[in-house]
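Two complexes, one shared chain (subunit A), two partners (subunit B, subunit C).
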Partner chain A sequence: MEESCTLANSATACIAERQDSIQTAGTGRTRIHCTTDSLAGSVSQRACVFCGARVVLNPVTDAVHLVHGPIGCATYTMDIRGSLSSGSELFRTSFSTDMKEKDVIFGGEKKLAACIDELVAKYHPPAIFVYATCVSGMIGDDIVAVCKAASARHHTEVIPVESSGFISGNKVVGYRAAAEALLTLIRPKEGEIIEKTRKVNFLGEYNLAGEMWLARRYLAEMGIEINVAFTGDSTVAALKKAPSACLNLVQCTGSMHWVASNLERTFGTPYMDVNFFGPENTAESLRRIAAFYNDPAITERTEALIAREMKRIRPEIEKYRAKLRGKRAAIYLGGAYKAIAIIRQLRGLGMEIVLSGTQTGNVDEYENMSRILSEGTIIIDDANPAELEKFLLEKHVDVMIGGVKERFLAYKLGIGFVDHNHDRKDGLSGFSGAVRFAREVYVTTCSPVWKCLHTPVPGGNTHGQ
Partner chain B sequence: MLDCVPEGHVQHTVGKINPAKTCQPIGAMYAALGIHACLPHSHGSQGCCAYHRMHLTRHFREQVLASSSSFTEGASVFGGASNLKTSIKNIFKIYNPDVIAIHTTCLSETIGDDVSTIIKQSEIPEGKVVIHTNTPSYVGSHITGFSNMCKSMVSYLAQADGETKKEQVNVIPGFTNPGDMREIRRIVSALGIKLIMFPDTSGVLDAPLTNKYQMYPDGGATVAEIRDSGNSELTIALGSFASNAAADLLQEKCGVTGIPLKLPIGLKATDDFIMALKDWFGVEIPRDLAVERGQVIDTLIDTHFHYQGKSVAIFGDPDHVIAMTEFAITMGLVPKYVLTGTPGKEFEATIQKMLDDAGITGSKIKAEGDLFELHEWIREEKVDLLIGTSYGKYIARKEDIPLVRFGFPILDRAIHPLMPVVGYRGCLRLIEQISDALLERRDRDALDEDFELIL
Partner chain C sequence: MASEAAAQTPAQGRVKETNENQCNMCMPIGGVVAFKGIENAMVLIHGSQGCSTYMRLFNVEHFNEPVDIASSSLNEKQTIHGGEANLKKAMDNVIRVYQPKVLGILTTCLAETMGEDIDRIVASYIEEKKISGIDIVPVPTPSYSGTHAEGYWAAVRGIVAYYARPAQSHRRINVIVPNISPADLREIKRILGLMGLEYTLLPDISMTLDRPWGGKYQKIPPGGTPTAAIAEMTGAPVTIQFGSTCPDSLSPGKYLEDEYHVPLVNLPLPIGLGNMDLFMKTLHKISGNPVPDELVTERGWLMDAMADAHKYDADGVPAVYGEPELVYALTSTLAENGAMPAVIATGSKNSLLAERLIPLTEGADEPPVLIEEADFASIEDAAIRAGVNIAIGHSGGKMLSERHDIPLLRIGYPIHDRMGGQRILSAGYRGTLAFLDTFTNTLLNHKYATYRQKIKREFCTPEGM
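Now for the complex of A and B:
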């Protein structure tokens, strides 16, 4: 690698075409190059359109999620999301049409219809989402028509998700495909009037490790009820009542802004961005939600909750802050909204952020990020492992916050790691989550195992064999 | 309820529910990682590559690097040739591997890209190698993809330099863990026979943590070794589904005699492996191996009453399941349900013959099955033990059956890729896991008055 990365003194990409996707905060460079397709031949950490659609829709707990394609797409997405359910667990079962050569040659529509028929007979689901994949898209299977016919045949919702993997635009386009499927699902029948309530919807919250349940407890204490989350621990029936909410909270901007603005247009429901990662973000979000209601009782309860929780967690956070002060952190996540939240949180722990990047951030988000980062911080879009390795070493990073593909890169470089993606098993949102996050950062950054790396090796270093 | 099987009679004739296989490209990617300094390349859209890397990373707990042609609509309409050529150029420039091993995906296969022609038209730096294999995801399984990549290693690289063969053996180890490949190397080396093993992921996906990062760890079969496999006297193909195709091609292309064997999992299969080498090369069995074998027999006798007569369901990849079923019979377990997700009628025939020879009747065997079917069978009539991948944990929990994790993938436990299940040491490990699983269950279920210190 070193031959091709000789310029180590600045944020220089390993390949010229990638130069515009990397910048240094505070150096007044032009806009970062992002939301483009990955360079061919790159070891990109990015996923595909299908993946984006699947992660957004998958937590709809009582639906059948049927993947129309060869087996892999279903196998790799079998129960990997960590979204918890308080009811049906049907969404965790993996369904595939398992397309074979003859389906590719003669078309897979008949097989898809037969699969739907059998699944309806077995599970009587209130809805079936049918996901298009590369091959079903390429051979031109008309899944819209198959779904329409199946809906009529079974008097149940069979909804196509246009998620062929090769459509350019990576996961974000998949979020849109999922969003369109959701809007199809919640569209009221002709003449049906859905009465408004005082409840809120929570968009972009997937109930990973029960995080939605925590938010629900906070809001309940304030006197506000969650109508339905998109899509953590949701059901088809609950989603259909989405138009009754008086406010949409939007958490994961990448996947849900488009839905929120659509709901505003169609049902007149206003929306606001919220962020439950980190105590300050959580407090700020709760206050803004309370302000929307303009009810002194709600405001009072909100302030009491915030005061109590802040007081409760402060000594805990301080304990970790004392250990973590001055440590250097790198962030590489799917979306920018979470990256920005984590920058705040790590700062709160006294840490320095030296690298920040995402797979799917857009220009505005990168500008926001650049504004809050200190001078000299590397900002990177769609990083490949060679770039991550280079900057992690160059910047003497102590801990990295990322997803599953980055974990072992960090470990091999002797760097601590916190999973802030789908693999996380502990809720990291809200006040309690902030303490858990601090503990996770502390555990990996200050683990005694790193000392083993620096003790003399009996017999010298051996690289296997 | 984590339960995919509804009450009453249901039809399941089309599609898969909770698959027991995955697609070809990931097998090809894994095989390619067993070539030294090789970057696997996925010729398709980037999601495939990301999913395969993630899945392998979760099983091995190691970084898995692979590049992608990053297809978009353009490539899909006009063909992927320019994406692939650009990829090859970029990969050598950025990642500088010795070898790029390309596999196709369902997308590039459906488009019909002619990869070997594209490679010929590409700029390949002096001393570098590009190979490819076709892995349409809608045919076979990940095991087929592994087999195809092994075969391509032979077709692209193996050469016979003359009529005379060298006194060395090729071993094709199948889709096994790096710990297994390391153990196979130890056994062959204990016999004093020169070995070429490909692919070989030991030293790649079980590499130690040192104070230095290596993008390409020291392990893996080198191009020179794979080339020289054409000069070997003998090839042993371990596991017919994963390894026979490459061995057959070596025989055809370079005149290397091939012996197909089971994966050396269990006493008999390990004996067969060692005896095949002894007979061919006329070597003595070293005392250390004889002692290990004796320990296995000793342990089987010490523990047989823990598992004798217990019924077991075994599922996973065909070569693993075939060898494991044989060992289960050796141990006195009764394989009641035996299932693989990979298609292949010979799987059913092989297992049926083993059961017939052992006088076991009434078992259900299925190739190209899924875990819905396995769960249905278990629902009808329960077994005492489940042996298979992490995906078995749902059935294990629902039906309250102990699960011994075995095969690929294991996503919820660590260390297993380093611990061999092959060879005599592997036998000890399997006996320990099976026996412990049943005894843990016994302790858990025992009433206070039946709870004993000594079992």
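Now for the complex of A and C:
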């Protein structure tokens, strides 16, 4: 259709202004343009600050999550994560102050206070997170003051999350807002001393499809206990004990590096990056955690665990590898840490990565990504459907790894698709998750459906297509 | 108790401040669906990036199609200094990449709170860029003043008002539809064809949001109502509008009647024998043609099925929720099958629903509870009190199943946790029959899966006494 998009020249943006956000690995081009606001009208796949804050905090299971704004913000993020809970299910209820015209004109503070009162009376939650949205921010509702007054009135924690959506189209800014709220929650009371233990916190792990529970099982076998995860299957009380950990593991780096460095500054807790996507990453992460403890017994148990699990999954992975070898994959995900892990996983399955991009990666992450990708691979920040369509076709992609919004574009182009989003129902982490991931890549890449779709219409009539 | 309350107050609002688990979405997403039913149209949301991404996500999951929605991606700076430059840049980029013939501009609460004058911005853009051959249609849709149902009607009315101009009288009748499935639209078109009528269907998502496989992927899917036909709706002999609950201020049919003297026949959706007969009677009167054998046979099949199922259906105690127009049609369908809903709920307010329901529900053994501005907490409360045993509506009601083991018959918009929301057929005699079978079988499924245990518990164990 549009000329710029049908040019044979690879890695050409559909909108000239987007050109600096697209590069090919190994061409020695200047730094990729990223972490900026999305270009208006580009049909970015990104969400908003509020969304970023909500996805990070929402798995706190026994808290009330109250969205202060008109209805849409709450509706679209209702039960947004596939986070599982071992206890309270309160976090899955989506609370909204449901601002109406009069609240926008006269201010929404009164309504917010009334909602908090109502929720305290009904649920007696240990904490309420109050999320600011575009409109409550725009009209200048002082949610900090309302929360403070409500805290005093009810002797419960009412914590403002400063996540007005318009601050940026970048979820990372919302991660920060959530992080601030978390730090407010875990700040010990004046004079309170929290004893250090031998336990670890697991930051940036949201217990999607029980992934935290799986990691907890591995660590338990090694002899290490998880204190609390941020924020998968966490409770307010457990989070308050976060300072007692001796080590913070950081998985989703985009959302949690800042928290980890803060905890290090405040409580002297060191942190290390871990990654449980893919068997190699999982094994390496477990080894690094074991090394931190510097305890031969832990090391021994860790090696035994890794050896056993690797042995168990190897034949299964091999089975899929044989089918997938040489297939071409595209990756477009929210955060870079996951994209990088998946590059490695797909490589492990003998596949070639021809496109890799994220919504929220930063320069360092892209440089890291560029280093590990083979020459000619397209790297893209904040992609839009037109660019994805163009590159999926140009690069003859067999399978795409992405979020829901890209799924049907891939299908329309006859390309397999694997959801790696935060609503997933099947765990993809750890050793078991690696097998599951391989299977998901296989069943879609090699589905008999694609062959069926290319059968001609009987009688040769193509009308109606 | 529920019935007493209902008798005293035919329409009860949500009595609490907080909206807990939202039953409706925001205005612009309704507007998006309306614009997607116009030929060669693209849509742009003036607001922050997140809004358009959420709306894409919901539509993608419901229709199982790529649904591109652009955003002006407002950020903090523009919220202070005005979003004109961003909106203009967004129009530039959308026009460049999508090359639409129609560009719908919808506002968010943010843009409306900022006081953005989109009419003026669009006019100045057209003048500056000397735009021709593209119709840019602005429609204000601030979500604090209505739900997606109102947003849909506002956009359809806005589209009609934009294109309407005096036209020569012609034979094509106007058929204006609420947000119903592509499958329903195709059925309505088939019926109109069988009755020998020429028509303009507005809007028409039957092909744009349910694309058959095959052919080259197009960024703007082919199909939709041609704008030339919309312009000539003013010369139609009559408008049939399935908008029995649509307030006059939002009614596209009313606009055509007031401004161009096109007589308006407001009908309920043709779901249910009575509603469908009303539709056929109207078409017979307009066309002078007899109802063809094919439809008479289908009517007979439906009636036969009603007789077959009526005793099972009488055990149904339904809760029906969703957009007012669908809720009305389903209530009437259930009532005529002896399964009067116990709870009738909609997220909307000020629709004519309450008034229209009176003739249906008066004289019921148990008068239903009607909830406007409903959330799922209020629906859940009412459903439990009334002993509801089947819920009927969109995916938002999944908690009724999860928490209370009330089976959910999915119908309406959005269906994001099951396959094929776009293919659910419930209009026409055939569609009604499909709905009725699903209804009866959902009841039977649940009954047959539980009756042995239930009876055993009641009569065979000591605690049952």
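In this text, the second predicted complex is superposed on the first by the 453 of 465 C-alpha atoms of A that agree within 3 Å, B and C clash if a C-alpha of one lies under 4 Å from a C-alpha of the other, contacts with A are read in each partner's own complex, and residues count from 1 in each chain.
Note that in this section a contact is a pair of C-beta atoms (placed from the backbone, for glycine too) under 8 Å apart; a residue touches a chain by one contact, two chains touch by 3 or more.
What you are looking at is a predicted structure, and each value in this text was computed from that prediction instead of being measured.
After alignment on the shared subunit A, the placement of subunit B and subunit C results in a clash.
Look at A:A47: by the touch rule set out above, it reaches both subunit B and subunit C. Of the two partner chains placed around the shared chain by superposition, subunit B and subunit C are both touched by A:T97.
Contacts of A:I193 after superposition: neither subunit B nor subunit C is touched.
On subunit A, the surface touched by subunit B in one complex and the surface touched by subunit C in the other have residues 1, 4, 14-15, 37-51, 66, 69-72, 74-78, 92-101, 103-104, 111, 114-115, 118, 134-135, 138-139, 165-168, 384-386, 389, 404-405, 407-409, 412-413, 453, 462, 464-465 in common. Residues 1-2, 4-5, 14-15, 17, 37-51, 66, 69-72, 74-78, 92-101, 103-104, 111, 114-115, 118-119, 134-135, 138-139, 165-169, 384-386, 389, 404-405, 407-409, 412-413, 453, 462, 464-465 of subunit A touch subunit C in their complex.
Taken together, the subunit C residues at the contact with subunit A in this complex read 16-22, 24-26, 28-29, 44, 47-58, 60-61, 64-66, 68-76, 78-79, 86-87, 89-94, 96-99, 108-110, 113-114, 142-145, 147, 211-215, 217-219, 347, 375, 377, 396, 399.
Of all residues in subunit A, only 1, 3-4, 14-15, 37-51, 66, 69-78, 89, 92-101, 103-104, 111, 114-115, 118, 121-123, 133-135, 138-139, 165-168, 170, 384-386, 389, 393, 404-405, 407-409, 411-414, 453-454, 457, 461-465 touch subunit B in the complex they form. The residues of subunit B lying in touch with subunit A in their complex are 1-4, 6, 10-19, 21-23, 25-26, 39, 41, 44-55, 57-58, 61-63, 65-76, 83-84, 86-91, 93-96, 105-107, 110-111, 136-139, 141, 202-204, 206-215, 217-219, 341, 391.
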